[in-house]
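One chain, subunit A, links the two complexes that follow: it is found with subunit B in the first and with subunit C in the second.
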Partner chain A sequence: MGKIYTFLKYFFITVWTVFVVAPFLWALTTSFKDFNSVNGGATYIPWVDFEPKLEGWKVLIKSPANGGVDIIEPYFNSLFVTCTASLISIVLGTLSAYALSRYTFKAGFVKNNDITFFFISQRIMPPIVLSIPFFLFLGSINLLDSLIGLIVVYIVLLMPIAVWIMVDFFNKVPREIDETALIDGCNPYQAFFKVVLPNSIPGLIVAGMFCIIFGWIDFFFAFILTFTEVQLLPVKIVALNSSITPWWSLSASALVSVAPLIVVAFIVERYLSKGNLSGAIK
Partner chain B sequence: MNLVAENLNYKPDDQFHLNEVSFNFKKGNIYTILGRTLSGKTTLLKTIAGLLTPDSGSMKFEDRDFLKVPVWERNIAMVYQQFINYPHLNVYENVAFPLKQRKIDNHEINDVVLKSLKSVGLEGYENRKIQELSGGQQQRVSLARSLVKNAKILLLDEPLVNLDYKLREQLREEFKNIFSQGLSEESIVIFSTTDPREAMELNGEVIAIDEGKVLQVGPAKEIFENPKTLKVAEISNDPPMNILNANIDSNKIKFEGIEIDAPNHLSNLKDKNFNLGIRASDILLSDSGFEFEVELAEISGSETLLHLKRGDVKIITSIEEVMNFNINDKVKINFDTKKVYAFNESGILASSPFGGSYV
Partner chain C sequence: MNFKHKYIFLFPGLFVLIGILIFPIIFVVRLSLSGWNSYNGLNFIGLENYIRLFTDDPRFWESFFRLSFLSVTTVFLQYVIGFALAHMVWKDIKFQRFFRVLFLIPMMTTPVIMTVIWRTFFHESLGPVNDILSNFGMSPKWLTDPTLAKITVIIVEVWQWTPFMFLLLLAGLLSLPKEPFLAAAIDGASPIRKFIYVTFPLMAPISIGAIIIRLIEASKIMDTVYVLTSGGPGTSTETSSFYIFIKGLREFQMGYAASMSFTYLIIMIISLTVIAKVLTKLLLKD
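What follows is the complex of A and B.
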């Protein structure tokens, strides 16, 4: 019984890993190929199946005039927009979540849970429903096709995630810890910053990770709300696909665009495995 | 200079958590709040701490309106029933936290913290993480943290209840030691518990509380010997006091076909119908006694608790040795009538073996 279970477990893990890794392998090998190797069929082993070339990677840093793919500017635009929007969302979201978790709000029939649900309900609607209001709103304040406009929209999209995760997290941090901090001479702000926040690092990391991922991969709003001035990375990559960019440049661009998420995943994995919260309460 | 409260009321939902609670706590004393779960003990402690604001009533300490002082300026310490510590700090940092908050010199903090850790028996654990400690050790850390502050008011909310039996006994002894030597004349200790034995052992002033209402205040011995009402008798005895509906007529106690001679302290009462209270330990097995049927026998530690039945009368007796009984066995018992309490029909103590009466 145990052996069969172990076998099945590793069998499915292996199948899944192949399924997940295969596209990356394809992109990675393709990025080192040239015209002849690409047309030579599905080959995967460098130096044996094909002769690796760096042409695909070189175009990433070349200027468009010299045949480059011009992803550097969109790359930094994306980094800037994602990081700024995530940071603001985490700060605002954490503060709101703490308030929702610890204080009682009441406005008619609206209570804490309703407010929390209101936040997440922003994410329940299909994005296309929000696109026209966002478009008109940004148009009316002259922020269409600008980085600031995108940041504003992304905060609206990301903050609900931060609130949702952090409310859940703070609800699990025993209220008695805050109370003990108050008793030990902290005012409510010190209790939050000196005691509650240091114990919430795992939650902050998870919330931050989700914000960064959702911000980084968003194509829809970046596509609708920008025209010529500003371009974000996902839009640029898709644009490359529809133009006459060779396969090897496209593959290299795609790999570079997922790199930040891979870095985030490794950092998060490190932190989460430490498991910081146990022992707060027995 | 005392901690004085008048008519505190707190009713967050349709039940009173505090109902007209008044008290006058003097410095240098230990007060034990005795009551069952959900009787309002924690609410009362949190109100004193300032974590809850009562709906009405007043509280004064050192000539200040205490209800207007925010928690962090009250100079109190509190130990919770759950072991609450700061999980991101190690043992030393946990104990030093309240002192650092007061911006005290680091050398001085060091001395005080080490001394305090020593007094709770955690020398050498300074650099341990909280998560690495056992429950008892965690509770000692929070005790040490509350002791370093030299707080004017020390609140202990059922600090022993989540510990296992052995640790509980051990820590209870330590509490007594710490209270007897370490406390200055300047502080008030308030200890809440559900366990009457704990209240008796601490031997301070006991406040019996139920449904948010203070039922009786007095020295532990007085509460034990002369409980004012049936409710107090119930709270202050474990196993609970047996209550029998009985008739006392011409110096005879009569119930369920049993007739016993009434002892002196029950012989000159005006009424006839009483609720008689008798402790489980005052009912003895005796061959010349009255026949009861065993409903349940539990062995707890070195005692046997027998649940007995005769007609509609159900009683519990505790026997000071381990004995085996089968359900439906017949046993014969006798009552130590010298130790019987009489409460009148509305539950007020009419006569106690120790001479108390509230009628």
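What follows is the complex of A and C.
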């Protein structure tokens, strides 16, 4: 019984590992191919099946004038938009989450839970519903095709995540530590910034990681709300996917875009092992 | 004195969110009651868009049922696989951290970008899948056969988002209390009984949360479809979002697209609430 389970376990894990890794390996080999080795059918092993070329990687840093792809600027645009929107969402979301966790609000039939639900429910909103009005709205205030416009939109995407994780996190931080701080003569702001916040760093990191993930992987809003002035990485890479697709540079740029988030995966796993995520999810 | 500063904590976030959203929401409703074209702008036409939607647009409803099918199937698969994986790396496994990180990685990758890679992966003549299958005399049309295209979308979605389910469920497993498991061990329960009577019931609330979160996210499926099949072949992988996108931002029937968006939003909220209630009843029997 135990042996069968162990065998099945490792079998299943192996199969899944292969499934997870397969597209990455495929992208990695494809990125070293050129036109001939792609169009002759599928090949896998460099030097044996095909002659590896660096063309796919070289075009990434060439300027478009020389036939390059130039993903450097979109890369930094993406980083900038994601990080700024995440930071704003975390700051505002944490403050609101703290208020919702520690104080009671009542306005008519609206209570704390309803306000929390309002924040989180923004995730239910299908992006398409917002995209058309945002398109016209940002157009009317001249923020279409700009970094600021995108940051504004991303705040709507990310703040619900920050509030969701931080409310649950603050609920787990014992109230006594605020109360002790207040008795010791802190005002509520000092109590929050000097006592509660330093005790909430794991929660902030987890919330930050989630914001960064969901900001970085967004394609839809960047696709609809920007055209030529500002391009984000996913839009740029997908634009390569035209009728005559350069599979090699496509694969290389895909790998480059995935790379920074691998670090995030390690951080998330670390906090997961320490049990810091559990409260956020219930 | 409590009443003042609690608002100072709450309001910045709340008002920024409301401030950004209030215009779009009102505008969607207003737009949905209007005709729109580039030369006369908005003109009020009452409920005409809604009447057209409910009486004369089977394509929208088909895309909605397709979406329901795709999201329920993918979330179900993600739940089963994610739970299995989480349970397997929960304890007693070699290279535990390695597998945990590895299984998380797909959700960190940008769906559209990975979908572009998947497109080359499933390419009919140049991709590795058909290259291997051709040894057995098969060459399935992954992206151009109506049924297979749906399956391809499901495969890609499962690859992309099972890690999220895995993450939520593993976090849940790691937070479970130890006592029930000790009790089960003392009673000499077999692993299967332990799972059915201890682990699964304890995980029920987390399972519900995770399934709802994933259903919400899965209902937005759009990137994958856009890159993988563009809704095709024909309309066989077209989801609601994608259809609204085509009407609104390709054919510029903004008013009609807005009425679809609004209807779609209402249906989503109602169906997700119902699903949440039903799941709570099913999984939390006691």
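FYI, the second predicted complex is superposed on the first by the 258 of 282 C-alpha atoms of A that agree within 3 Å, B and C clash if a C-alpha of one lies under 4 Å from a C-alpha of the other, contacts with A are read in each partner's own complex, and residues count from 1 in each chain.
Quick note on the criterion: contacts are C-beta pairs under 8 Å (C-beta built on N, C-alpha and C of every residue); 3 or more make two chains touch, one makes a residue touch a chain.
Computed from a prediction, not measured in an experiment: that's the story for all the values here.
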The answer to whether subunit B or subunit C touches more of subunit A is C
Return first, second, both or neither, reflecting whether A:F12 touches subunit B, subunit C, both chains, or no partner chain. second
Examine A:I183 and indicate which partner it touches, taking first as subunit B and second as subunit C; both and neither are also allowed. first
*Scan A:I115 for contacts with subunit B and subunit C and give back first, second, both or neither.*
second
Message: Per the contact definition in the header, classify A:V195: touching subunit B only (first), subunit C only (second), both, or neither.
response: first
Just subunit B (first), just subunit C (second), both, or neither: which does A:W247 touch? second
Practice problem: For A:V81, decide between first (touching subunit B), second (touching subunit C), both and neither. | Solution: neither
- Message: One more residue to check, A:P174. First (subunit B), second (subunit C), both or neither?
- Response: first
Going through subunit A, the residues touched by subunit B and also by subunit C turn out to be 187, 277-282
Given the complex, residues on subunit C that touch subunit A span 2, 5-7, 9-14, 16-17, 20-21, 23-25, 27-28, 31, 81, 84-85, 88-89, 93, 97, 99-114, 116-121, 125-128, 130-131, 159, 167-168, 170-172, 174-175, 190-191, 205-206, 209-210, 216-217, 219-220, 222-223, 227, 240-241, 244-245, 248-249, 254, 257-258, 261-262, 264-265, 268-269, 272
Counting only contacts in the complex, subunit A reaches subunit B at residues 174, 176-177, 179-187, 190, 195, 198-199, 276-282
Per the touch rule above, subunit B residues touching subunit A in the complex are 46, 49-51, 70-74, 76-78, 80, 82-88, 97-98, 101-102, 129-132, 135, 138, 142, 145, 149, 162
In the complex, subunit A touches subunit C at residues 1-2, 5, 9, 12-13, 16-17, 19-23, 26-27, 30, 38-39, 41-42, 44, 92-93, 95-96, 98-100, 102-103, 105, 115, 118-119, 121-137, 152-153, 155-156, 159, 163, 187-189, 192, 213, 216-217, 219-220, 224, 233-234, 237-238, 240-241, 245, 247, 250-251, 253-254, 257-258, 261-262, 264-266, 268-269, 272-273, 275, 277-282
